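Shared between the two complexes below is subunit A, which has subunit B as its partner in the first and subunit C in the second.
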Partner chain A sequence: MKRLFLLIVCEFRMSRTSIPIHLLAILQPTLLFLLMAIILVHPTFDMNVIDSNIPESSRFISAMDSVRSPIGEPYIKPILVDEKTATTLRQVITIEKDQKKAIAHQRFALIDANLVKNYRNRLTATLLHLWNEDLGSKSVTIREHPTVGRDLPYTAYFGLGLLPMAVMLATILIGSTFVAQEFEDKTVLELKMAFAPIFLILCARLVRLLVFGCIAGFVLVAAIGLSTNVWPLSFLNIGAIFLIVGIIGGSLGTIIGLMAKRLLPCFISSLVVTITCWVFGSSFGPAESFGGNYELISKFVPNTYAVKMLFPNYFGLNLGSAVSSAVILALFCALFLWLSHFVYKQQIMKER
Partner chain B sequence: MRRFWILLCTELKAWRSEPISAVGGLLPPLILLVAFGLIFGGRLTMKTAFIDNDEGPKGAQLKGIMAEELSPFDQPYYDLVDADEATAFRLFNENRIDGIWIIPTDFSKKVEEGKHPSIDMHLSNYNDDKAKNHRIYASEILWKFYKELGMPPPPLDRMESYPGTKMIGWFPLIAVGVMLLSAMLGSMFNILLLNHRQLSSKITLELSLAPKSLIYALAAKTVLALFMGLFLGTIILIVLYFWLGCWPGKNIWAVWLICGLVSLFWINISMYASFLFKKYITGGITTVLGGILIFFLCGGFKSVRDQVADIPFFAWIFPNTYAVDPLRDIILTGKLSNDLPLTIGILVLFASASLGIGFFATIRRLRILG
Partner chain C sequence: MKDLNSNAAISISNLCKTYKDFEVLKDLSFSVNAGEIFGLLGPNGAGKTTAINLAIGLYKKDLGEISILGLDPSIHKKKVRKLIGLVPQDTNLYEDLSASENLWHHAALYCDDLTKARAGIEELLKLMELWGRHKEPVRNYSGGMKRRLALARALLHDPSIIFFDEPTLGVDVQGKHVLWNHVKNLGKLGKTVVVTTNDMAEADILTDRIGILDRGALVALDTPENLKASLRKDIVTLNTDSTVEDPENFFSGLNVSSITKYEGNCLRLEVTDGQKAGPELINRLSTKYQISSFQIARPTLDDVFLHLTGKGLREGGIS
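After this line comes the complex of A and B, so read on.
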C-alpha cells in the first residue's frame, strides 16, 4: 500500500512538468461549452414585419407574441420595419389587403431550407392563432403532455453530451502523451526494471488521470449549472460515471501512448479518438432519435452509454435502461483495463 | 528567390520525416462531416406515433395530412410510426420516437358539432428546440386540416415568395463550413509540426543567430503549410462532390483563394503561438478544439448572411465569418456571389495584417528564443 502511495505521489509530481497541457486538457471542453452556449439553437426567432397601419396588421403583430411555449420561451420576436429598410432584409412579412381578403405575405431573399421552414412554421402558428380566435369553440385544441415541468434549453443537453468528452479528453490526452514522453526520454527503461508490479504502476497512473478527469468533468458540470440552471440530481452518481469514463479514457490513453511511442502520432490519435467518441456518442441528441447508421456506430462508443447514465441524473427521465448501460460501460472498462495491462507488458518488456 | 527555394526544400524534407500532421488537419473535419451527415443529412422529420381512437373519419383525415404535408425541405414534417398505444409509449420513453398524438373517440363528433374538439400531444421537452418543433409543426397540420374541413376562412391567409425554386438543405451548408475548417486546421497543424521539428532539434538557435533576415525562413514554412491546408481542403471538397454532388467547377480558383486567405490568417497566429508555448501538444489541442469552436462560432452551422443577429460580435474578428457564405455560393450553386470582391478585400486585409504582425512577432520571438 505504501508503495502504491509513493507511486501516486510520484505521478502527481510528474504532472508539475507540464502544467499548461493539464490546464488545457481540463479547461478546453468547458471553454467550448461556454462559447457554444452563445450560438446554439434558440427557439426565439427575430421576424421582420412591416406595420401596414391596418387593423389586421396590428392584430397580427400582437398574435406573434402569443406564439410561444406555455412553459418556456416565446418563439417570435417581432421586429417592426419600414418599407425602405425591408428591401435590404432577407425575410419580411407584409400584411396585404384587397377587397376579397387579407394576406400575410412573407418574402424571402434566402434559400436556406431549414431557415425558411422555421420562418414558415412561425408564420403559420401566428395565423392559426388568429384563426382559432375567430373559430372559437370550433377550433381544435392541442392538450400538451410534456415530459418535464419546463422546457429545458438545448444547451443543457449539449453540455451533458460534452461531459464524458471532457473526462475522456483529460484522461486520454494526459495519459497518452506522458507514456509517449517516457519513450522519447528513454525513461521507459526505468519502468521495465522497476520492482513494482505492473498493475501497481498502472494503478498509480490511473489514479492521477482519474483525478484530472474528474476535475475536468466537474468544472464543466459547474459551467452547465451556472449557465442553464440545470444541475445534476446527484453529484455522487455523476462522480461515479466520471470514474468509469475516466478509467476507460485513462486505459485508452495508456494503450495509445504505448503503441504510438512518439508524441505526434500519439497526440493526434488521442484527439481523433476523443472527437470520434464525442460526436458519435449521442453528443447532439440521443442516438436512438437519429436512428440508422448513426445509432449503429454509437453502440460501439462508450460515451453513448455514459450519456444514457447521465441523462436521468440531469433530466429525471430514463434514456433506455440505465442498468444495461452501466453493465456495458463496466464491460468497456474491464476490457480496456485488461488491454492496457496486456499492451503495457508487451511494449515495456520488449524495450531495450 | 534561390534562398527561398532552398529553405522550402529543407522544410519539405522536415515535413516528409513526419507527415502524420497532415492527418491532424484531415481526420477531425472528416469525423465531424460523417457525424453531421448522419445526424442532419437524413430525413429531418419528427417520428411520431398516431393513435387514432376516433370513432369517426376526422382522425384518419388528420393522419393523412400529417403524413403528406411537406416542409420546405420537400419532406414531410412527420414520419408516422405504426404502433399501438402501449408500444408507442415504450418507444417514446426509449426516445426512439419524438412524440405521440392521441385522437379521442369523440373527435369527429366534436369537430362536426363545433364543441371544443381536442387532441392529446405527448412530447419530450428536455430539448426546447424539439419541443418548439412539436408545437409549430402542429400548427401546419391544423392549418391544412381546417382548410380541408372547409372551416370559415382565416382572418389572414398565408402567402410566401422565394428568390428561386431551389432550396439548400442544412447539411450542405454545414459541409462547406467543415471544408473551410479542414483547410484551416490543415495549415495550422502543418505549421505546428514544422516549428516543432525546429524546436525539438534546437535549430531555433541557428535561426536566432542568422545574419540575414528570417523572413525567407518563415515564408517557406508559410507556403508549405498553406499548400497543405489547401490540399486537405480539396480532399474534403472531393468528398463533398461524391457525397452531395456539389463542385465549384471552373470557379475552384475562388475556393482556393478564399480558403488560402483564411488559412494565411491562422498560419501566422499558430506560428507565433508555437514558438511562444514551445510545446506541440499545447498548440495542437488549442488548434483542434479552437478550430472546431471557430467553425461553430463563425457560421459553420448556419448562414451568416441570413442570421447575422445570431453571430456573436467577437466572431467578426475572425475571417471565417466573412468567408463561409461566399464559399457556400461557389460550392453549392457554382456561382460567384456579388459580394465576392468585397469578401476577398476583407480577407486580404485579415491575411496581410496577420502576416505582418505574425512575421514581426515571430522573428522577435525567434531572436529572443535563441
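After this line comes the complex of A and C, so read on.
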C-alpha cells in the first residue's frame, strides 16, 4: 500500500512534464461545448412582424404569442417592426388582406433551408391555433402531455454526449502522450528494469489519469449547468460513470502509447480514437434514432453505454436498460484493463 | 580468450547473439571478479551495450550462459535485477522532477524497504554533492551533475554489481575526476563495477582489468598495464622542418614497424625498443632534415586499442 501511495505521488509529480497537454485535454471539450452552445438553436424564436392594423394581423400576432412547447415554453417571440426597419432585417412577416382572406407574407434574406424549416413548423403551429379558435368544437385538437416536467434542451443533450468524450480525451491523451514521452526520453528503461509489480505501476498511473479525467468531466458538468441550468440529479452517480469511462480511456491511452511509442503519432491516434468514440457514441442523439450502420457501430463504442447511463442521471428518464449498459461498460473496463497489462508486458518487460 | 571463474560476480560463457541476421556477439566468454572494476572497451557497434543488456536481462541470448552472482538473468529476472544497478549512457532522468523526486520514483520501483529509502536518498545526494540543489529540476543540472544523480539512483537499492555505460560522456574535466573518484570508491566498498567506455584514458585510470571487444568477439582481456606491455613497442613522435619523403624507405633498417603521417611534418613511428632506436633515428634524420621535436613514449591504451581493432571507422550495433 505504501509503495502504491508513493507511486501515485510520483505520477502526480510527473504531470509537470506536460502541463500544456494536460490543460488541452481537460479544457478542450468544455470549450467545444461553449462554442457549440452559441450555435445550437434556442427553443424560442424571435420573429419580426409588421402589424398592418387589420383584425387578422392582430389575431395572427396574438396566436404567435400563444404557441408553446409541450411544457409551455414560448415557441415564438413576435417582435413588432415598422416597414422602414423591415427592409434591413433578415426575416419579416406582413399580414395583408387579399379580398376575403388574409395572407401572411414571410420574406427572408440570407437564411438557409434548415432555419426556414424551423420557422415553417412554428408558423404552422400558429395557424393551427387560429384554426382551432375558428372551428371550435368542429376541429380536432392535439393536446401534448409531457411526462418530464421540464424541457430537454438539445444543448444540454449535446453537452451530456460530450461528457464521456471529455473524460476519454483527458485519460487517453494524457495517458498515451506520457507513455510516448517515456519512450522518447528513454526513461522507460527505469520501468523495464523495475521489479515493482506491473499492476501497481499501472494502477498508480490509472489513478492519476482518473483524477484528470474526472476534473475534465466535472468542468464540463459545470459549464453545461451554468449555460443551460440543467444539472445532474446525482453527482455521485455521474462521478461513478466518469470513473468507469476513465478506466477504459486510461487503459486505451496506455495501449496507444505503448504501441506508438512516439509523441506525434500518439497525439493524433488519441484524437482519432476519442473523436470516433464521440461521434459513434450516441452523442448527437440516441443511436436508435439514427438506425442502420450508425446504430450497429455504436454498439461497439463505450460512449454509447455511458450516454445511456448518464441520461437518467440528468433527465430522470431511461434510454434502454441502465443495468445492461452498466454491465457492458464493466465488461469494456475489464477487457481494456487486461489488454493494457498484456501490452505493457509485451512492450516493456519482454526481452528482445 | 576464455577467462571463466566459478566464484566470479559475473560470468559469461560462449555467449552468442544475432539480430536481424547480424552476429552481434560471437562466442563471448569472460568473467568479472567480485569487487573488481572491469572495463569493456570496443569501437562503436562492437557489441558492448548488447553484452551488458544480455547480462542485465534486457535481451534474450541465442546461445551460451550468463551468471550474475550465480543466477541466470533469463530465469531469475527479478532476483538478478535486485542485484544490479544500471547507469545508462542516456541518463534517462525525469528532467522536470527534482533530484530527490527522481530518487523517490526509483525507490518506489526498486526498493524493498521504503522506510530506509528516505535516509538512503539523503545520504546518496550528499555523497554525490547534489544535496545543495536537490529540490531543483534536473533540467537545470550540468552533464556531470546528471551523471552523478544517475549513479546515485543506480546505488539507491544497494546493488552488488553496477553497470556504467560511458560514465563521463559529455562531462567536463572536473566532472570526470569527481565521477572517477566515485567509481573507484565503489570498488573499495566491494561493489563490482562494469564500465563500458571509448575513453582509453578513463579505462586506464579506472579499471582493474579490461576486455576489448571487436566485431562481437573478445580480442583482449588483461590488466591495462599488461595490455600496454604486450605491444612490445615504443612510440616515437617527431616533427621536422620539411616533409620526410618516402618515410618507409628513409627509415629502413631501423626496426620501425609502423609509420603514420600526421598533419604538417609530424610522424608517428612504432619501434621495438625506443631507447635503442631513438639515437639511430635522430642520426638518420639529421642527415637530411632539421628536427624541431622528438619524443619517445611508452604505448598508451589508445595504441593497444588501435593495434587490436584497426583504424577504420565503425558504426552499427542493435538500435
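Keep in mind that, in the parts below, the second predicted complex is superposed on the first by the 325 of 352 C-alpha atoms of A that agree within 3 Å, B and C clash if a C-alpha of one lies under 4 Å from a C-alpha of the other, contacts with A are read in each partner's own complex, and residues count from 1 in each chain.
The rule is short, and it goes like this: a contact is a pair of C-beta atoms (placed from the backbone, for glycine too) under 8 Å apart; a residue touches a chain by one contact, two chains touch by 3 or more.
Bear in mind the structure is a predicted one, so any value in this text is a computation, not a measurement.
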Partner chain in contact with A:I21 - subunit B first, subunit C second, else both or neither: first
Which superposed partner A:A104 touches (first subunit B, second subunit C, both, neither): first
Which superposed partner A:T141 touches (first subunit B, second subunit C, both, neither): first
First, second, both or neither for A:P43, with subunit B first and subunit C second: first
Touched subunit A residues, subunit B compared with subunit C: B
Which superposed partner A:K84 touches (first subunit B, second subunit C, both, neither): neither
Partner subunit B, residues of subunit A touching it in the complex: 18, 20-21, 24-25, 28-29, 31-32, 35-36, 38-39, 41-43, 46, 56, 59-60, 67, 69, 71-73, 75, 90-91, 95-96, 101-117, 120-125, 127-128, 130-131, 134-135, 137-148, 150-154, 156-157, 173, 177, 263-265, 267-268, 271-272, 275-276, 279-280, 284-286, 288-294, 297, 315, 317-320
In the complex with subunit C, residue positions of subunit A that touch it: 2-3, 6-7, 9-10, 13-14, 16-17, 185-196, 201, 351-352
Of subunit C, residues touching subunit A in the complex: 53, 56-60, 74, 78, 81-82, 86, 88, 90, 92-97, 101, 104-110, 114, 318
Partner subunit A, residues of subunit B touching it in the complex: 18, 20-21, 23-24, 27-28, 31-32, 35-36, 38-39, 42, 44, 47, 71-73, 93-96, 98, 111, 114-133, 135-140, 142-143, 145-146, 151-164, 166-170, 173, 193, 196, 277, 279-282, 284-286, 288-289, 292-293, 296-297, 301-303, 305-307, 309-312
